[in-house]
Each structure stands twice: as structure tokens, then as C-alpha cells.
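Shared between the two complexes below is chain A, which has chain B as its partner in the first and chain C in the second.
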Partner chain A sequence: MSLFFAKLWQALVSGLSIGSIYALIAEGYYITFVTTGALNFGQGEFLMIGALFGLTCYVTFGLPYAVAVIAAVLLTGVMGAALERGAIRPVMRHALSLSWVLSTVAVSIILKNAAVNLWGPEQIKFPSPFGEAVLQIGSAGIFPQELFIIVAALGTVFAVQMFLRRSLLGKALIAVAFNRNAAAVMGINVPRMVVFAFVLSSALAGLGGILIAPITFAWAYMGTVPGIKAFAAAIFGGLENPIGILIGGLVIGLLEQLLGMVNSNLKEGITFFFILIVLAIRPTGLMGRREITKV
Partner chain B sequence: MQLPIFAFSGPKDWALVALAALILALLPVVFDDPFFILVMQSLAYLFIVTLGLDILVGWTGQISLGHAGLYAVGAYTTALASARLGLPFWLSAPLGVALAGLFGAALAVPSLRAKGPYLAMVTIAFGFMAEVTSNRWSLTGGPMGIMSIPPPTLPDGSEMTATQYFWLIAGVALLCHLLAANLFRSRMGRTLLALQGSEIAAQSVGVNVYRYKVLAFVISSVYAGIGGVFFAHQNGFINSDTFVFSLSVSLLTSALMGGSGTLFGPLVGSVILNLIPTVFASLHDYHLYIYGGIILVTIVFLPRGIVGSLQQMPALRRLRRPPAVITPDRSVLDFARDSAQDGPVLVVRGLAKSFGGIRALSGVDVAIKRGTVHGLIGPNGSGKSTFVNVVTGVFRASAGKIMLGERELPPQGPHRMAQHGITRTFQSIRLFVDLSVIDNVMVGFHLQLKSGLWAHLLQTRAAVAEEAAYRGKAMALLELVGIAERAHDPAQNLSYGQQRLLEIARALAARPQLLMLDEPAAGVNPTELHHLSRIIRDIKAAGVTLLVIEHHMELIMGISDVISVFDFGQKISEGSAAAVREDKKVIEAYLGVAEADHDGAVHA
Partner chain C sequence: MSIEARTTGLRLGAIGIGLLLAAVLGSTAVAADLKIGFTLSLTGGTDDYGKGARMGAELALKEYNDKGGYQSKKVEAVIYDDETKPAKGVENVTRLITRDKVFAMVGPVNSGVALAIIDIAQKNQVPLMDTVATAEQIIERYKNAPKNYIFRVSLNDGIQTSFMIDYIKGRQYQRVGLMHDSTGWGQSGRDTALRLVKEANLDLVAGPEVFDQNDTDMTTQLTKMQEAKAEFIIAYSLAPAGVQIAKSMQKIGLKTPWTGTWALIAPNFLKLGGKATVEGVMAVTSYTPDHSANAKVLHEKVDRIFKEQGGDFHPVATAQTYDGVRLLLRALDKVGPDPQKIRDALEEIDDFTEAVTKMKPHPFSHANHESLGRDTGFLAVWRDGKLERAAAE
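For the complex of A and B:
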């Protein structure tokens, strides 16, 4: 029995930590979706770049972990600006309204190739700054990195929300999301805010990468699945509802880890089965705004 | 969305088809090289899958990032049925196709109401579920896969040669292409394009939106299943490495690269994209750069795809066949004449509608007499449009009865109300922008056109004749509203006023007992206004009952037999134009109460 509880505790902590990573990435989807109606399907590859670049800074250059985090966030932020200019802005005028899906997927494919060229195709161990020792809490063994992930990721989600609601820059971004034209009339530089949205969104993914790498591995193909699962989290909560997204991330993280206790095969597929059911019942997510068509 | 340059409609087209068949038949004979034939086989079945995806993307505007999953269903089904159950190729192959179709139908359910990124999620989720299932399930063998899938056989049981198998795949591909082309230029393709323009407007003339979306999903999945089946028997071995997200991306890219919604786009796109790995095989370290770069360049610089962009070139536009001359069939309005009896066509009792706490309509009684023009006026926000929306089934009433003559109608969707003979136009214009003017009207005939899916797939004589007959009727309706000379222009090129007239013609095509016009004069210039009141009189003379919402007082007073006045969701007055004009309540509703009006100015 105690073994069961130990496993349950471990699953809960792992679920919350991976779930908070999903939430972190998904908040990035939210920020760009509300401002532009587009999002970066290569968010997972930005996460991967964050992890691998962080690894280079932390291990190869021997910089402190905190500096590596900042470096990873800065690099992915700059890449976000480039993404907006190169793959989002040129396609937003197109007739097919979902062109950005493919243009961002294309960028993610290129990034994967770049990562293989730069870091090789192998999985690389990312040493945790908190050591590899397992923390014994009761009967459960927990990695300190997992606790750090929960605190750092949820703290960042919270900080970003405070930034959006309280700071002038954040309010300007929300204003653009609410009504582009009205925001422009009020003197807000809309194109610049859109770039900023992608910078912020990509930086969040980069942060997610360097946070999660110590409990997984860092390698070129690490990003795709978390990126898609984070998208599922955003869809689950409703792309326009940051609180729903946070809950969505945590629910999906927990669901996977808890079901993983029963059967590791279920763990992989359950998220997608779950999201199909949710969308069949609520086409704009469980906590999304219901659309009222004006006729 | 571009209509195809070439449409199959005469002996010349069948000559083209025969030529294509001849070239395909000779290819493996002339270039008799095993590797070449293998590549040709792959190109042919990947083309079928791309074509299926294009039916979804190009015709319905839905995106699918999970087609690898449907491809997998076809491949695994035929592989398991033939390798494990020992079924012959001719049985296992159709089984694989059928199961893929069934999965498509199931996948359609969560896709029906989801839009944009939510819809993308549905298809991604399905694709990943298929990927995980093929990777983890003992039945599918995971990365070990399914070995020794028997090669395709001839009907006599002997093994097909590579050339024979290519002939089979290419033949099926040609057939799939012809069927898709037929469907594309038939009522089905038109209706699907209409849905892209406006689902609500399509419903208002009786189109069952769900049915069409499910249909598109099923056809698309069947095509994906066909591709999967051919793939499995070509390789003799399948495993989970094939059916991954990147295959779905690649399929979608080839559909878009060629030009979605064009006749030859899927062919061009799939051939080019699927040749890339073969051509750049030596640059293995960089193939993702090339591949990603091609997708990006295509999406950014060729948003219409290769064929779509070519069609935009003036030189090629001239190649397009001039539209046939259509003789108007003026009997189109005869349907209403016999129904000119007495009594109300529509009776509404105690109709109420609330949105959250806002009561847009609170207990309205209206009876619309057959053969009349019934005006509906009132200040902005008085509930007029809500009234039309509830009666036409766009919104569900919170309370009250809607009776058609003597019969009470249960609450039901707009396409059902159209079947009961109630159609409408829209305050904010909702045309099918991807269609020509006359095709907009043709969609209006939806409920009367009888030929079904198979008739259109095969372009039977009856289906072609029916189509031609109704084109004549459509022309007569365009004549009635005075825009016949614009019949073949894109609907979006019409002036604002003409677009409103086109909406009237489209609604009339649905043979309404009651036609509801929601602000037909909004944004219409004075010349057109005069024209409009004549059209309304003509429609009335033909026996169709009209309900007209309008702010233009001169127009509404001039044409209406009876006028109802709404204010704050209630009917405050009803009667002849003269009576309503004198009604104190009406004057108050429009101008405010006398003492509040200090300066005596009129604020209407």
C-alpha cells in the first residue's frame, strides 16, 4: 500500500512539473493568439533550442545556471522576433486563414535540422543545478529539479499575467488583443506589439526548455511532443482564457502521469483522446468563450 | 478559390482523359527500370492521398494535420487482413478503404463545430493517436511492424508484376481524379464552396451543413485509405515509423503547394514534393533544411500554390472557356401562384428571446397574411432582426409558438425552416464569395435539385440535364432582380446594392412561401432603391408573401400592406401605413416624448 502511495506522490509531483511546463508553453500560444490570431506551431522547437543553447552555456562554457537561463530566454526571444517577421507577418494577409500553421511548422523543421547539425542527433544529459540526489519526502522520492520546475514555471505564468494586467506595456498588448484598430487609434504601435507578443511567447518556450532538460534529456527531437501537448492544453482551456490554459496544462500533466502508473501505453495516447472528447462536446475548449454568431 | 481551367464536359475532354491513360500505360513500358516504376507507384498513390486532402482543404476550407492517421488505417487494415487473416488482396484492399472511410466519419463529429486552431487540434489529436497506436499496440507490431504482407494479386490469384501494379494504382488515381473533378464542378462542389463563404446563408436555403462536412471528411478519408492500401502492398512491410506527424505535414504541404481547390494542384504538388527526397538523397544532412525551406517559400510567396498562381496569369486566364449562353426559364416563380389562398402564412404567438439577461424579444404576436407585404419597423435594437433570426431558426426561441398556417413548428435549425418555405436575406450581406453570381443562385435551388452523390460523381445524363434546366431558372431570377448581365462575374465584384439583390434572387430560388428581407435598402443608392421597390412588388405579384424589415420609411410605407412596429422587444403598433404613421406610441418610440424634445428638432 505504501508503495502505491509513494508512486502516487511521485506521479502527482511529476504531473505537476510537466503540467506546469505545458502551461508555460501554452501561455505563449495564448499571448500570440489573442494579439494576432496566429500561434507558433514550432513552439516545441523553441523549447528545444532553449534547452540545447542552455546546455552549451551551462556545461560547455561553465556559466552559472541562472546566466544560462537568461541566455536561453534572450536567444529564443530574438528568434521569436525573427519568426514573426519571416513566417507570420508575410502570411497573415493570405486567403487561406491557416497559412501560419504550415509556415511555423516549416521553421520548426529547419530548426530541427540546425539542431542536429550543431548538437548532433543524440540525447545529451543536462545536469541539474540542484544535483541528482533524490529527495525523500515520506516514502516518495522526488527530484529537486521537479519542484524547481513547478515553482519557476508557475511563478513565470503568474508574473506574465501580472505584467499583462498591470504594466503599461502589458496593457498595450492586451489592448491590441482586444481591438487592433482601436489600439492603433490610441497611439499604440500595433506591429511592434505583435513582434513583442512573439518575443514573449518564444522566450517562454525557451525558458520551458532549459527548465525541463534536466529531467528529460536535451536533444534535437525533444520539442515536438511537448509543443503539441501544450497546444492541447491551450485548446483544452480555451485559447483565449489564460486561467483555463493554466488549468489545462496541469490537468493534462497530471492525467498523463497518473495514467502512466497504470499503463505506460495509455500515457502517450490519453491526452489526444481526451482532447477529442472535449472538442466534440465544447468546440471552443472546456473553458473557452462560446461563440455567439451575430446575424 | 479558382474554378478549374479545364472542366470535363465534352468529347474533347474524354480525348484528354484517353491521352492521359495512354501516357500512364506507356510510362513503365518505355522506362522499364525497377526503381523508376517503384517511384512512379509511390507518386501515384501519394497523389490520391493529396487529392483527398485537397477535397477537405480546398473545398471546405478545413485543414487536416492528421491525414497520416487515415492513411495508416487503410495500410494496417489491409496488412492485417491479408498477412494475418489470409484474405486475398481484392478483399483486404476494399476493407482497408472502407475502414478509413468509417474513421473519417467518426473524425467528422468533433470537427463539425470546431474552427481554426481548434479544428487543427482535432486532426492533430487524431494523427497522434494513430501514431501512438501503431507504435504501442501489439496488433500493429510497433516499430517491428507487420512483415510479409502479400504482394497484390491478379484476379486469377497470380502475383502482379511491378508494372501491372503501377497500372492498377495509376488507373485508380486517374479514376479518383475524374470523380473529384466531376464532384468539384457539380452541385456538391458548389455547395461545399458555398459553405466556405457562409454557413448560415447556405443553411438559409436548406443546406444541411453537417451532412456536407461529414461527406467531405468521408471522401477525403476514403482517398487517404486507398493510398494507405497501395502503400502497404507495395512495400510488403509496414511499421510505425511511416505514420507520423511529419507525413501529415508533408501531405498538407503538397496540397497547398500545388494550389488547393484547383483541378491539377494536387497532382503538381504531390509529384514535386514527393520527388524531393529522391532528388536530394545525397544531401541527407541538409534535407530538412531543403524541405522546410520549400514549405516556407511556398507558403510565403505562392499562397495560391503553383497551379493557382498560374491560373492568375492573364495569358492563361484567356484560355478559360467563355461561359455558355443561358436562356432564362421564366416559369421559375410559378410555384407561388397556386398557393395564393387566404389566411395567414405565418402566425407567431408570444415569441420571446433572451440573450443572458437581455430580453431582445418579449412576447410578440404577429400574423402575416398570405400574399401581402408585411413591413416591420422600429428603432435600432427593437428586436426586428432577432425576430427574423428566431423565425428562420438561427436562434432558438426562449418562449412562444411559431405556426406555419395552422401547423405549429417545433424548434429546428435554419435548413429545416427553409424546407418549410421560410427563407431570408441578411442585414449584413452573406454571399458565397467564392462562387459566381449565377452559382450563388444555383445554391439556392439546393432543396429542389434531385440528383445525388453518385449521379454527380459519374456526371449522369440526368444530372447534367437537371443542372442545365436550373441554370435557366437561375438566369430568370437574376433577370427579375436586374443583374442578369453579371451572371458569370464573381459575386464579390458586384456593387453593394447588387449584392443585396443577389441575396433576394438566391432566397427566391429556394421557393419560399415567406421571404424575409432584413433591411434590403441599407446602403442602396436612390436609383437602386426605386428598382428595389419594383422588385418587391413583382415578387408579391408572383404570389410570394414578404416580410420586410426596413428603416427607409418612404420605401416601407410605399410597399407594405400591413406594418408592425417593434420597440424594446415588443410590438407597439400594427396597421396600415397611414394608421401606423399617426399612432402616438410610434411617434414616441421614434422621436421621444414631446416634452423631452426642447428645441423641437426631429431626431429620427
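For the complex of A and C:
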């Protein structure tokens, strides 16, 4: 029995680390969805760019990890602004237009291609700044980087929430999300806020990339699966509820590991089957029915 | 586009396809040009092997041509990238046979590509030397044909697994665990291992456990190995997932010895994992840079000539292709650039003493197109960033 709990503990620790990355990226979907009704289906590729650009800064140029993190976040943030101006705004003129689905997917394919040409198709080692010695937490082993991922990702999710609720800029963003026209009447520059939403969303993905690269390696195709799983987390948790999304990300990460204890062949199938059941019962997601925070 | 234009287009297309087919089927065996054709993965997941193979081929041809070539004519390499895609491999081989009129072909790297192209080589009666791909069916498909045009200088999957079984037997382990990735290659490896473990009367106590080749955490699979008290683990995994297995073993403190196929001798495995992580991991090989005097010479040459290309791809792919191309050139010397005669001559070569792999001086015969057999490989182990032969008992 004690071995069972040891296994369970290991699965929880491992699941928490990957789940917090899903949550981090999924919050990015939330921010742009509530402000514009659009999602960036290239979130996974922004994550990849964050990782590879971070790798170039950290390994090739030998900059400190913190500087590489900031550089990756800045670059993906700027790319988010470019995405909004280049691929979202031009196709969003019609209120019901779904062209942004294709335009964001198009950007993601272009980014993948560009990355293969710049960094090659192979996995590249991203050395962890915290070393490679395993830490013991009870009976479970964890790499320092994984611990850092949990702290940094969850910390960022909470920091973004605080920012949205407390700061003037954050409140303006929430106001746009709540009622675009009223926000405009109140003197908020709506188009600028929309750009800002994409900057924030993309920067979160970029941060996720440089955080997980020491665990997953950095490579051109690294973003596809986390992008999809984070999307699942966002829908599963409730696309308009940041707390629901956080829970959604963690649940998906944990489910995969826990189901892997039972049968490694079926873990992903069963995870997504579970999501289907939850969506059938609660079509707007686990916590989707609640109202978004009032300003 | 009007309907007329469209039918005209269709008709033209049909004529084009017809011409292409005629060209493929009608190409006769007389090839005047001195060309060897290659289809290799130079991009895609297994490009390390393809680049390694290309080095071996270029080196073999350079040495041959420097010595005067064939009747003072140079032999040329025509190298196409198949991008690790079967359809692209088919296109390459068709082009090599019909347009480039090569007298022999070498490649590919990927077994999926190989199984798609061997039919074309066989039908057109142009010998194909597989120097990397490992699926057993590549040689077996035409084993009973009057003339098999497919030859191999590589360790097939069954032979690779048999080295693992030999090692397990030698160490007197009884309890075996099995893991594999979810690709077609991983699944066929699993089937081979299940068969051989059973034949050897070993107990499969854990697995087969599956993982995705991009999974980053294998602790759940490995905990099962730990619980079942497996004494040895066989893992069909490419280099990136192999690193994740090693790391996850560190996490749960599992020290069970384990081996992969020759995928884990790739330099990429060391690069991704680092010295400390790969320490003690085993892998199948037919070659280490110092297992024979010939191998040592080759290794020094590769180091010197290809240094500026980052000459560190896959040493075994280089060695096997070096031998495979030299066998074709030996056959060329004997019978001239006629694909069918070259095929026959390959079966008769019995004085190939300069091999860098462990093949015999008479590597092929009518019944046997596998030059590397049960006695030509072994398990190597990573020690301090280098591969050593693993002690068998």
C-alpha cells in the first residue's frame, strides 16, 4: 500500500508540473477571447519561439537565464502585437467572421517553417539553470526545473489576475472584455487594449516555452501538443473563467499521469474521453457558467 | 476553367502518366553512365543517420576515384533527400532509375521508406544496398524470388534484439521489462522482443509499456518496472525519448540496467542527455571506432575530412555505408556497370577483407542478403561520454 501512495505522489508531482504549463498557455487563450472573441491558434508556436529564442540568448550568446527569459517574453510579446495587426484585425472587420481561425493557423505554420530553417528540425538540449540533480520531495523525485515551472507558472497566472483586477491598465482590459462600447464611451482606447491583450497572451506562451524547454528540449515542433492540450484545458475549465482554466490545466496534467499509472496505452484517450463527458454535462466548461469578474 | 480545357488537361495528364509509366517499366538494364544513386533522409527525424551515411558514401567514392575509378572513368554519386517520407523515396528511386540511369542504389535510412521503394528496385532489376534501415521485411520480401535485388549492410531489428537476449542470458537475468514508443517501428520492435523473450524462456514481468516519442515523463511506466522487480529493461526508443527514460529513472531512483537499439548510440543521445544522464545506458552496435584496425583508420579519416561539416552524425551509418558502397564498387570492377550483373557479382564477392564493420569476406550469397548477422554486433555501454563494449557476464 505504501508503494501505491509513493506512486500516486510521484504522479501528482509530475502531473502538477506539466499541468501548470497548460494552465499558463490556456490563460493566454482566455485573455484574447474575452477581449476580442478570437483565439490565437498559434499559441503553441509562440511557445516554441520563446523556447528557441531563449536558447539562442542563453546558450549561444551566454546571457544569464533571467535575461533570456525577459528577452523571450519581449520578443513573443512584440510578435503578439504583430499578429493582432497583421492577422487578426484585418480579418475581424465582420463581426461573425471566423477567418481569424485560418489566419492564426497560417501564422503558426509560417512560424514552424521559419523555425526549422533557423534552428533545424532536431531537438536541442536546453540546459537547466538549476542543474540536473534530482530533488526528493517525500518519496517523489523532481527536477529543480520542474519545481521552478510550478512556482513560476502558477505565480504568473496569479500575477496576471492581480494585474487585471487591481491595475488601471488591467481594469481597462477587463472593461473592454465586459462591454466594448461602454468602455469606448468611457474613454478607453479599445483597439490599443486589443493589441495589448494579444501582447499579454503571446508573452505568456513565450514564457511557457522558455520554462519547459529544459524538460522537453527546444525544437521547431515542440509547441503543437502543448498548444492543443492548453486549448483543451481552456475549453474544459470554461473559456471565460480564469480560475476554471487554471483548474482545467492542472486537471489535464494530473489526469494524464494518474491514468498512466493504470494503463499507459490509454492515458490520452481516456483523458480526452473524460473531457467529452464533462463538456456533455456542462457545455460551457467546468466553471463556465459563472459571470466574469465585474469591474 | 472550361470543361473542354479541363478534359484536355486531364488527357494531357493521363498521357504524361502513361509516358512516365512506360519510362519506368521500359527502362532496360543497360546503363552507360557510371552513377550510384542515393535516397537518404537528409531532413526529417532521422537526418543524423542520413548525413552519416552520406559521409561514408562520399569517402568511399572519393577513394575509389582517386585510385583511377573504373577504367579511368569516375563514378559519380547522385544523392536525393527523401525527407523521411515514403512517397518522396518512391519519387527519388524512380528518378534515379529512369533519368539518372544509375547502375546501383544505396539507401534509405527509414524502414517505412525502404518498404515503399524496394518493389521498384526489384521490378526494374537495379540492386539496392540498404545500409541503414532495419525492418526485417526489407530483405525477406523478395527472399524467395529467383533473384533478390535487395542487399543489406545493417543490423535488422530481429538481430538487434537477439544481442539484447544474449546479454540477458549471459548475465543470468530472468525478469525482463519491455517498453516501446508508439510509432510503427516501436510496435514492430515490441513484437520481435515478445517473440524472442518467449523463445529464450525469460519472464516478461512488466510491460509492454508504451510511450509517445515526445513524452517527457516516463515515471509511471518505469514505476511498473520497479514494482515488478525487473532485472533488465529493453526499450525501443529514439534518442530524445531515451533521454527522458534515463531522467525519469533518476527521478524514481531506479537503477535497473537497460538497453535501447542502436538508436541510442547516436551522438544526439549524448548531446541531449549529457554525460551524466546517459552514463550506464546500453545500446546495440555493430561498430565502435576502435573495434578493429580498419575501423580505426576510417574513424580517423572521417574526423579529418569531415570536421568542418560538423563530422559527428552517426558513426555506424557512416561505417555501414562506407562498406556497402565499396562492395558495389568491387562488383563494378568485376563485371562493369550492368545492374543485373552487379547483383550477381555481389553474391560472389568472397575477398572483401577491408570491411570496417564486422562482416565476413564473403558477405552475401544467393540465400543470404544480410551481411551483418548474429556474430557481428554486441551491446555497448555509455561510460563517461564514450561507448564501450558491455561485459557479457
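By definition in this document, the second predicted complex is superposed on the first by the 276 of 295 C-alpha atoms of A that agree within 3 Å, B and C clash if a C-alpha of one lies under 4 Å from a C-alpha of the other, contacts with A are read in each partner's own complex, and residues count from 1 in each chain.
The rule is short, and it goes like this: contacts are C-beta pairs under 8 Å (C-beta built on N, C-alpha and C of every residue); 3 or more make two chains touch, one makes a residue touch a chain.
Predicted model, so just to flag it, every value in this text is computed and none were measured.
Peer 1: With both complexes overlaid on chain A, does A:G260 touch chain B (first), chain C (second), both or neither?
Peer 2: Second partner only.
Peer 1: Identify the partner contact of A:I235: answer first if only chain B is touched, second if only chain C is, both if each is, neither if none is.
Peer 2: In the superposed model, A:I235 contacts chain B only, not chain C.
Peer 1: Quick one: classify A:F163 as touching chain B (first), chain C (second), both or neither.
Peer 2: neither
Peer 1: Is A:V107 touching the first partner chain B, the second partner chain C, both, or neither of them?
Peer 2: After superposing on A, A:V107 lies in contact with chain B but is clear of chain C.
Peer 1: First (chain B), second (chain C), both or neither: which does A:P90 touch?
Peer 2: So A:P90 only meets chain B here.
Peer 1: Touch check for A:L3: first (chain B), second (chain C), both, or neither?
Peer 2: Once the two structures are laid over each other on A, A:L3 reaches chain C alone.
Peer 1: Regarding the shared-chain residue A:L279, is it in contact with chain B (first), chain C (second), both, or neither?
Peer 2: After superposing on A, A:L279 lies in contact with chain B but is clear of chain C.
Peer 1: Looking at the overlay, what does A:S99 touch: chain B (first), chain C (second), both, or neither?
Peer 2: Only chain B; A:S99 stays clear of chain C.
Peer 1: Is A:F33 in contact with chain B, with chain C, with both, or with neither (first, second, both, neither)?
Peer 2: first
Peer 1: For the three-chain arrangement built by superposition, which of chain B and chain C touches the greater number of chain A residues?
Peer 2: B
Peer 1: Would you tell me the residues on chain A in contact with chain B in one complex that are also in contact with chain C in the other?
Peer 2: On chain A, the overlap between the chain B and chain C contacts is residues 265, 268.
Peer 1: Using the touch definition up top, name the residues of chain C that touch chain A in the complex.
Peer 2: Answer in residue numbers: 43-45, 47-48, 209-212, 214, 216-217, 219-221, 223, 227, 240, 243, 247, 250-253, 268, 271-274, 276-277.
Peer 1: Looking at the complex, which residues from chain A come into contact with chain B?
Peer 2: 33, 37, 39, 86-87, 90-91, 94-99, 101-103, 105-110, 112-114, 116-117, 224, 228, 231-232, 235, 239, 265, 268-269, 271-273, 275-277, 279-280, 283-285, 292-295
Peer 1: Touching chain A in the complex: which residues of chain B?
Peer 2: 1, 57, 61, 63, 65, 109-110, 112-118, 120-122, 124-126, 128-129, 132-133, 135-137, 200, 245-246, 249, 252-253, 256, 260, 285-289, 291-293, 295-296, 299-300, 303-304, 355, 385, 389, 394, 426-428
Peer 1: Can you list the chain A residues touching chain C in their complex?
Peer 2: 3, 7, 10-11, 14, 18, 121-125, 127, 132, 134, 140-143, 215-217, 222, 225, 257, 260-261, 264-265, 267-268
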